[in-house]
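What follows are several structures.
Both complexes below contain chain A, partnered by chain B and then by chain C.
For the complex of A and B:
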């Protein structure tokens, strides 16, 4: 039983970065942009968050820096695809390559300038990153461990997912945004500011991805800078968007499932079944491929990619 | 409506003066004048490409005029975006509906409206109040992708009325409707007129102009040639104004010579890729030297029928016999070699049959590339063919190498149909060959089809315009949701009867009742 609870807790921890990436990408796709730059935006957020935390020793500043840098990376994408109408796939891929490279470069550069030969977050911020202990709640057996024993990023992620859900599906601004993603010409014809709305939402999505990156570099790597800390999470996030059927709430469950797959190898009792580690490493990607096949066969019109996702919009096109 | 001629300018809901708009070197609108007052229906008549839609898009804020002024209620109005236009009370119902397929009718209607999101029940009441006044019946929870074309149009109308539009612009609203649906729409428009709305209806169908409008403004080649009172004109005069010269409006229908059955379709059922039914138990024969017209609301299985005969689709069951030989299972190339030729003009007019960025020569070669020997292509015969078509069909193009997408719609369609006819088929399938063409080009195409008919070619003609189908075809087959509701003699059937069959009544019911 303890083993199982530990497994669930580990799954939550492993899935958190996916949740940020997925929610960010959902906003992007709902605005009609298939942004393949999630990995890059997360890498830039990872670097900015870590370096801000390292320098200023403040978690708040670190998270703000991660958000703003993720949004700045998304701004590059937005300028190219919304204003200059560049191909979305190529732009997104380029953003990923650029973001990962820039992140590693800044990291390595700072390592060479440091005296110890590595970068370690200072003590104060490390204490802020530890698991939060909520009086009473955290002490409840099982429930306390399962729900009230995490670091601040986990709760922030869940809150963001819920807020984004309400924004997308319960507000008028969200309805307008979804209209843009489905049919920008229809949105334009009823007076919605297509370009402005696309910019704002691409930037918000990018910022959320950036926070997910900071989670990778600051929590997953235990407070020591490591290159490539995002390590493919951005790519899985893009697939998770489909798994979650473009719903931020389902993204919470989805990221938990994928988190569980990625830590399964540590918790599968060796007495039951022995499989090579490589098998477990492969699982998330096999599942991703399966989901893509299943969703494309099923074709539910209500739960499909926004119809104009991947298509740039130009009002006077004839 | 004699008082129309002497009203003050401030009585006009909209007054456009000297509007000019150019796209590159093309002048779409050249000093156009137009005005409409409240409680009036103005028909904007003109051929395709005469600048009707461009002019209306400037009123709805999609385009911005290069010069000229727009007055709304006597005041100068600057319309820079659709939001400005809506704020002035202008609502446009576009020809291609601007609706989100995945949303419900309600979400489509409220998207983009200012203010806070009200409770669903309150919104529903607001919208029902509008629809009741017009005698409409819409299920607000229904998703757009489950709706018929006519229902979608109703949602579009509610969408602009919900925004408080008092000036309505409808761009070719009847193009996709059955005669009965058209009548319903016109009733609705008449109610709106009596409520005091100003309505502009864009069309190129003369009978509709006569039926619904109070005044007509005629556009020709981007210029407003004249505005006349509907009561003081007739279809013939309007045609002359629209085309710029007298034209005969009758289509020739030569008697079929020695008709023999050529293609027999037996109990053909075809599914769409998403598993829904495209054609169900379709049975008919085509005779040589005969034009079989196919009528039906868009999406009733016309496309699948063409594609199946041309060998592009798999089938669920049934058989297609060509000269008593089953052609199901043959490849498209084998079917072309048998003498079956298809030209399908889709809605965007370039999507199928032609490679838009290749010149005429290249497009001629698409059908003949496999005939040249050796590994290298021989362009010479294709270029000669292209040059011959230019001469015979009077295709306007600077050279055979100019990409066909640079040509005007009519010329593109002549290239497509010309190439298909050139392969001397014995069965010619042609879908929407006059889609978007002006009257002269349309008559050229009808002439081409009749020429083929006289040569003994069997023609399967899939059309939109019922008037044309009635005049050109020998027999008309009506499709509804993939089923044949009747095959009738084009000389005796009426438009209304066709309309009833298009919405599901069988020929026995319709003709039996008179």
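For the complex of A and C:
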């Protein structure tokens, strides 16, 4: 039983960065942009968050820096795809190569200029990154451990997912955004400002991805800078959007499931089944591939990509 | 007053309109301008981090060309990039978003490595032919998977091929840690080095892959431009309905083209494993599959242009490795510069296709 609870806790921790990436990409796709740059935006957020935390020793500043830099990366994507109508696939891929390169570059640049030869977060921020402890609540057996014993990023991620859900599905602005994703020309015709809305939402999505990156560099790597800390999480997030059927709420469950897959190898009792580690590492990707196939076979209307996703909107071509 | 304000605003209305076809000369000029702007922007980036852009750019060029050994290393970087760029071009011509070159490179490398590891006693020439064929078949079949599901169910190929990349990567890890583990590595996870009989020959000091790359460039050029298959690909890319109306079978064309696309990438994997790495490493693709997409796109899917662009990218890549020793700058600098160049070229495309119209008057 203890083992199982530990497994669930580990799954939550492993899935957190995916949640940020997925929610960010959902906003992007809802505005009609298949952004393959999630990995890059996360990498830039990882770098900015870590470096801001390293310099200013403040978690709030680190998170704000991660958000802003993720949004800045998304701004490059937005300018190129919305205004300059460049190909979304190529732009996204470039953003990934650029973002990962820039993130690693700045990391190494700072390492060679540091005295110790490595970058370690200062003590104050490390204490802010530790798991929270709420009196009474955290002490409840099982429930306390499952719900009230995580670091601050986990709660922030869940709150963001819920807010984005309300924004997308319960507000007028969200409805407008979804209209743009389905049919930008119709949205334009009823007076929705398509370009402005796309910019704002791409930037918000990128910012959320950036915070997810900061989670990778600050929590997953244990407070020491490592190159490639995002390590494919952005790509899995793109896949998870499909698994979550473009719903931020389902993304919470989805990231938990994918987190569980990624830590399964440490918790699977050897007496039950022994499989090579590589198989467990492969599992999330195999499952995503299967989901892609299954959703395409079923052609379920509620689980489809926004109709204009991947197609740039040119006003004069309505 | 209010009317005046409205009038004033009206005066500065800028809108975007489509350009008529731009001539090749003008298009090339536009792209040259964007690349020049990109190099300047890259220089500003270098300046920002406190280095002299001229000396850094100079070091890159020198690092790639200064000695014959440096030049050979540059070509070595270029070989897999060139070949896989040609591979993805086949799929992209069909507007099939094959992001899976990484995986297809790996699949080709795995199949070729099987013979290098377990049938190395075959006569050298025969072994090379078999390994070459294994690379083709491995990569081709791996490319066929997403094409099959796309043709049958309309499965999104962008995301599907992406997943296949990671699956292929972990197959290598699995082989490395299990069945193909090198017994003499002393516990260090790696696959044994190929015996010399299973290594690709050298021509002019560089593995023979560069000749294969050049031949493939010509083949892909002819295939796309002068054969019936090439014509079918261009029709399918425009409209499946048109293709069907003309009596073509779009699904069959999609499957066939993706097999070839994967096969060419598989060749890249075989050449990299047996010619450069001399073993099957997890880094056999190492991001080349992604860079290939960018190269193919930058070259506008023209094989001859791919030859040039992949060479320039290799110069940047190889030259950047020297930056580490000269300036203490990490090689990731190459990725940043590549990104900057591409952002500018992507933006530059806009000016080839569209123009700004100010106050109803056209302006270039």
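Throughout what follows, the second predicted complex is superposed on the first by the 317 of 318 C-alpha atoms of A that agree within 3 Å, B and C clash if a C-alpha of one lies under 4 Å from a C-alpha of the other, contacts with A are read in each partner's own complex, and residues count from 1 in each chain.
Here is the rule we go by: contacts are C-beta pairs under 8 Å (C-beta built on N, C-alpha and C of every residue); 3 or more make two chains touch, one makes a residue touch a chain.
Predicted, not measured: the structure shown is a model, and the values here were computed from it.
> Compare chain B and chain C by how many residues of chain A each one touches, and report the one with more.
Higher number of touched chain A residues: C.
> Could you look at A:175 and tell me whether it touches chain B, chain C, both or neither (first, second, both, neither)?
In the superposition, A:175 contacts chain B only.
> Considering only touches as defined above, state whether A:75 meets chain B (first), chain C (second), both or neither.
So A:75 meets neither chain B nor chain C here.
> Between chain B and chain C, whom does A:100 touch in the aligned arrangement: first, second, both, or neither?
In the superposition, A:100 touches chain C alone.
> Go through the superposed model and pick first if A:192 touches only chain B, second if only chain C, both, or neither.
first
> Can you list the residues of chain A that touch chain B in one structure and chain C in the other?
299, 315-316.
> Which part of chain B faces chain A closely enough to touch in the complex?
Per the touch definition, chain B meets chain A at residues 23, 60, 62-63, 81-83, 85-87, 92, 94, 98-103, 107-108, 110-113, 115-117, 143, 145, 159, 163, 274.
> Name, in rising order, each residue of chain C that touches chain A in their complex.
Touching chain A from chain C are residues 15-18, 49, 97, 99, 149, 153-156, 158-160, 162-164, 166-167, 170-171, 173-174, 177-178, 287, 290-291, 293-294, 297, 328-330, 332-336, 338-340, 342-343, 346-347, 349-350, 353-354.
> Which residues of chain A touch chain C in their complex?
Its residues touching chain C are 34, 36, 76, 79-80, 83-87, 89-91, 93-102, 104-105, 108-109, 112, 227, 232, 235, 238-239, 242, 276-279, 281-282, 285-286, 288-289, 292-293, 296-297, 299, 305, 314-317.
> Applying the document's contact rule, which stretches of chain A touch chain B when the two form their complex?
Per the touch definition, chain A meets chain B at residues 170-172, 175-176, 178-179, 182-183, 185-193, 299, 301-302, 304, 306-307, 315-316, 318.
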